[in-house]
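Take a look at these structures.
Look for subunit A in each of the two complexes below; its partner is subunit B in the first and subunit C in the second.
Here is the complex of A and B:
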């Protein structure tokens, strides 16, 4: 039982962490919490099942196409739901616009894809039982993403430009950084990260339009636990959430497990409002 | 005045309806069609049943019209797509009653919509037949206009319980449902009914339809000593996960329950086709074949009549048959009463004994508006679908 809790807990935790990173990447470039993150994750599973399962595209090509498609939807989100409300961030209109975009994505998927879960093809055919690829692929994807993002932010010019935009939008623009293009690029990156989450967990979550709302919800928890904008915190928060949720599922069952998870979540936030791994915001005056 | 007198007579004198036919038909404007409203969730989530029902509805109307209509009146089906949305269903109901001025309504075909539309139809005294399973939808006192032509959830539950206790001789069961209103209420009712029959519900669980891993729930049921799993859910994702996990755990117990266990969507979600073995779903005798591969005689003749005209390979025969029967049942009430007033149609239905439909023999009385016979609710092998029909489960002949 313990092995099963760890296997599925880590897998789900990795997916939640990736969605949390998606929230963070979009937030860093725009100061907007885009509630399309979970829907982009859902699309990763749907596009993967479409390309690899239905159209018979080889797995690696299917992955590239899925990431590209999700990146495109990410950019579209920026154009449709984020850019128009950036001028009045203090009114929090982005909550409405990104939720509307999320609903649009969900309904379109339900109409064009299916209202029932669809199978996701086996990708590598490796492992069985608790070592099945459906459990370790999301963990591998999460490790690859966090490693890749760390490398990009620390070692590349583009990564440093992203950080500059996130740190001080106005100063970055004054220095001549193309803020709009960088913001679009970060939404594309966020789309690709969420797409990878959906693709790597497709065998576990299936290609199901209703996964979007679930991922939106549980993917937000690591962000709150780990501290907004803190990717490493999101990973730790996500994995902790996945393990705790599965342990609660085993001990008290599905519905009560959700209650337990959110009780603990609220208690943690009451104790540490900035998140377990976040620091209180400090501004030089 | 004549019309009012006829309305009163139609309501009060059901046994004399046949004799009044000539007098009452005089009140019907010449050439006025018999308008049947059809509340169909033809698009949106869960549209598959309505698509199947619709094939039967259209076929029945065409057949009646080809034979000269009902007492010379053309049958007109006025369809409104509710998209499975109760709000749209309510609006469509009001429009059908007040603007389209239908004589009777068939549908809606899912309980969520019917819970919203039933009181509205009752206020308008609109004759209505529907196949929705929620028990509270039928109440001859509160809703004297509403008649059910499919089993209620209680009847499904009785069939599953009888199969487990009497045929499979299993008394220790785990009862699962999804977290929807339907799943929650069905699990509660099922657990209470098992307890009444002195069976042991060793574990009960409500599972979110999007829960990716149901191993915890299955392990808890196994640890508690369950010897069968009873499932009440329409979520094929959840149902297929239960079957996959049962196999992964090497746990050889039957899974028994909701008709969705036989949904064709499940096939693609199974890790192995063998995971669908030993899964039994609620079925209907009229739409089930025995070991000889043959349907009951009446169903066989119906399928032959549909051949080349109505596709069955991508739907369930019971949906098509029930839609067909609905139109025929409304037509029969108008035919026997000689009128299409609410009182005449409801009065005729209230005195229906074993009306020979394709889906089943329907019987109604003023006290009982649940018309589907319990004996025709059977269990079927979930993995045996063939042109919308299923094989009878072991123990049924």
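Here is the complex of A and C:
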């Protein structure tokens, strides 16, 4: 049982961590927390099942197509739900506009795809039991994303531009950085990260429209606990959440696991609203 | 003056008569509906009425207080199961069960709302979402009580409510009562304070609005209504399973308020009717209903953030007269400010406050005396506004004391300063743009109110008395600053200089013993600065101690009795205006002559 807990806990934890990173990537470029993060993850699974499962596209090509499609949806979100709000005076309206966008994605998927969970094809055919690919593929994807992001932020000009935008938007623009293009790029990147999360966990979570809301919440928990914009916090928080949830799942059962996760989430958040590794609030007057 | 004519034409007819018309029209239509003989319409209308019972309460949370509670279906679920299980498994009388549903809903409302005191927008929205998920899961798993996926029969009411029509009339009566109560709450210090929390939280605190207490009250009330709605919903459904409480319902409730318009009761009411009826007009739309709601939400947020209420607000589209001038009427001051014998000073001793490594104030002593204007000047970053914030409790000094007479004020604790007799204005006016000018001024009188929320909901005599007195006083304050003709106008339509005077009127409402003005002359014309100066002097002569933070040296030297010059968080000089003007260090450091 311990092995199963660890295998499924790490797998789910990696997915939560990736959705958490999706939140962070979008937030860094726009100061917007978007309800679409989990929906993009859900779309990763649905597009994967569509391309590889239904249309019979080879796995690697299906992956590329899925990531491209999710990146496109990410950019679309930016255009219809984020950019107009950032241009208006009341920036907190983003909560509502991204909620609307998320609901649009979810309902469209439910109507056009299916309201029932659909199977996701086996990708590599490697491993069985607790070493099945469905358990280690998400972990692999998570590791790849962290490595890739670290490399990008440290070694590439685009990555440094992202950091500059996140650090001080006005100063970055004054330096001549193309803020709008970078924001679109980061939403594309966020879409791809979430798409990868959904694709790699397809065999575990299946291609199911309701995964969006689920991932939205469980992907947000590590962000909230780890502190906004803190990717390391999101990964640690995500893995811890996955293990904790699965341990509770196996020992006390699904409902109590959910109640437990929710309670811990609320209590920690009330004790430290800025997260365990976050910065304190700013001056108000 | 163009003002006077404007005031006469606008205020001649009591506005409340016009305002009540749409509600009576809706009620008439609702009562006439069963006569149409279409039982299906009655069922739809019953559902709309039940939804409105929930939405009317949620409206105070979302539309007025601006808290993004999106998971309210959880409270509907709790209410429905409480009522059904009590009737089915314990044999409780249906109306008692409905009352129990209200109690459970109220308690759950507080549980859902509690995080709002610490968490902001997206975070709070997420916690309510999480709560909704949990409640559904528990309803599914707790089969012994809820029947799990099989469900439980809803409570059936006794005659005369056992027929479709009887039940419909009961729901309409409850919906009408909810409308009436929330309208009462909206037009009271509770409603005004909620909107102030939403749009000008800092100003609300400075006016003494106790945010935590107020929000908890509103969550209790809206939770109780949601619980009752749940019980009625179970009766309407006649059999409930967790499937009946989809997240789509939460979306409907939440979106109805936003489409209706924040801070309105009529708008969300119309939107609730619209959203409930919309899918019924075309059967193929049912599957797409949530998609349509979401699309509607997006359109509303991006194009008409004010919602239906904004579209219906014809009054705010008429042009205001141009070339307005603010002319205070100083002779009205005695009617507004009269003090007893208390002659205590406000004293600061050894105040030190740093932000990280930056010492904003470094051991400051200051005395404000009743009846005097005390100027506080200094270059940018010398700690003027921080001093003001330390007095008001918005900034917490690391050491030092703030006292009025013999009473030491707790450091921090901004919402308790108004009751201690400290009022203030802000460097950039903090006004509720969507509220009328007089409502903004009335927010200043929040701490004068004694009536409880229950008295307000039922418009009992004490509430009515207080409300009338407060409105009177606010009108006097507006006459004093010369803005009475704009009383009914939305505050965001005013000019910057007018907002400055609205803030002063608001700060004077509770008769502050000390009035702190943070750069009140910024953005004013020369003639307006002169009038402001006269007003400030007159206010102090009533016995108010005024602290004036300003960059306009002329104003400072014209009106102040004493002046303190700050530099790098320390007192550079202190004395009469004449002494300061002759002070060498001041001239070098600040006046630049």
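Just so we're on the same page, the second predicted complex is superposed on the first by the 272 of 285 C-alpha atoms of A that agree within 3 Å, B and C clash if a C-alpha of one lies under 4 Å from a C-alpha of the other, contacts with A are read in each partner's own complex, and residues count from 1 in each chain.
Just so it is clear, a residue touches a chain if its C-beta (ideal position, glycine included) is under 8 Å from a C-beta of that chain, and two chains touch if they have at least 3 such contacts.
Remember, predicted model here, so these are calculated numbers, not experimental data.
Undergrad: Subunit A superposed: clash or fit between subunit B and subunit C?
TA: Clash.
Undergrad: One more residue to check, A:129. First (subunit B), second (subunit C), both or neither?
TA: first
Undergrad: Is A:80 in contact with subunit B, with subunit C, with both, or with neither (first, second, both, neither)?
TA: second
Undergrad: For A:155, is the partner it touches subunit B (first), subunit C (second), both, or none of the two (neither)?
TA: neither
Undergrad: In the superposed arrangement, which partner chain does A:90 touch: subunit B (first), subunit C (second), both, or neither?
TA: So A:90 only meets subunit C here.
Undergrad: Could you look at A:217 and tell me whether it touches subunit B, subunit C, both or neither (first, second, both, neither)?
TA: In the superposed model, A:217 contacts subunit C only, not subunit B.
Undergrad: On the superposed three-chain arrangement, identify whether subunit B or subunit C touches more subunit A residues.
TA: Greater contact footprint in residues on subunit A: C.
Undergrad: Look at A:249 in the shared chain and tell me whether it touches subunit B only, subunit C only, both, or neither; answer first, second, both or neither.
TA: In the superposed model, A:249 contacts subunit B only, not subunit C.
Undergrad: State whether A:117 touches subunit B only (first), subunit C only (second), both chains, or neither.
TA: Only subunit B; A:117 stays clear of subunit C.
Undergrad: Name the contact category of A:258: first (subunit B only), second (subunit C only), both, or neither.
TA: both
Undergrad: Following superposition on chain A, which residues of subunit A contact subunit B and also contact subunit C?
TA: Comparing the two interfaces on subunit A, one with subunit B and one with subunit C, the shared residues are 111, 213-214, 253-255, 258.
Undergrad: Under the definition above, what is the set of subunit B residues touching subunit A in their complex?
TA: Result: residues 44-47, 179, 205-213, 215-217, 219-220, 236-237, 240, 248, 263, 265, 268-269 of subunit B touch subunit A.
Undergrad: For subunit C, which residues are in contact with subunit A within the complex?
TA: Listed in rising order, the residues of subunit C that touch subunit A are 68, 70, 114-115, 118-123, 125-127, 129-131, 133-134, 137-138, 140-142, 201-202, 247, 251, 258, 287-288, 290-291, 293-295, 297-298, 301-302, 305, 355, 385, 389, 394-395, 426.
Undergrad: Under the touch definition given earlier, write down the residues of subunit A that touch subunit C in their complex.
TA: 33, 80-81, 84-85, 88, 90, 92-93, 95-97, 99-101, 103-104, 107-108, 111, 213-214, 216-217, 220, 224, 253-255, 258-259, 262, 265-266, 269-270, 273, 283-285
Undergrad: List the residues on subunit A that touch subunit B in their complex, please.
TA: 1, 4-5, 8, 12, 110-111, 115-119, 129, 201, 204-206, 208, 210-211, 213-214, 246, 249-250, 253-255, 258
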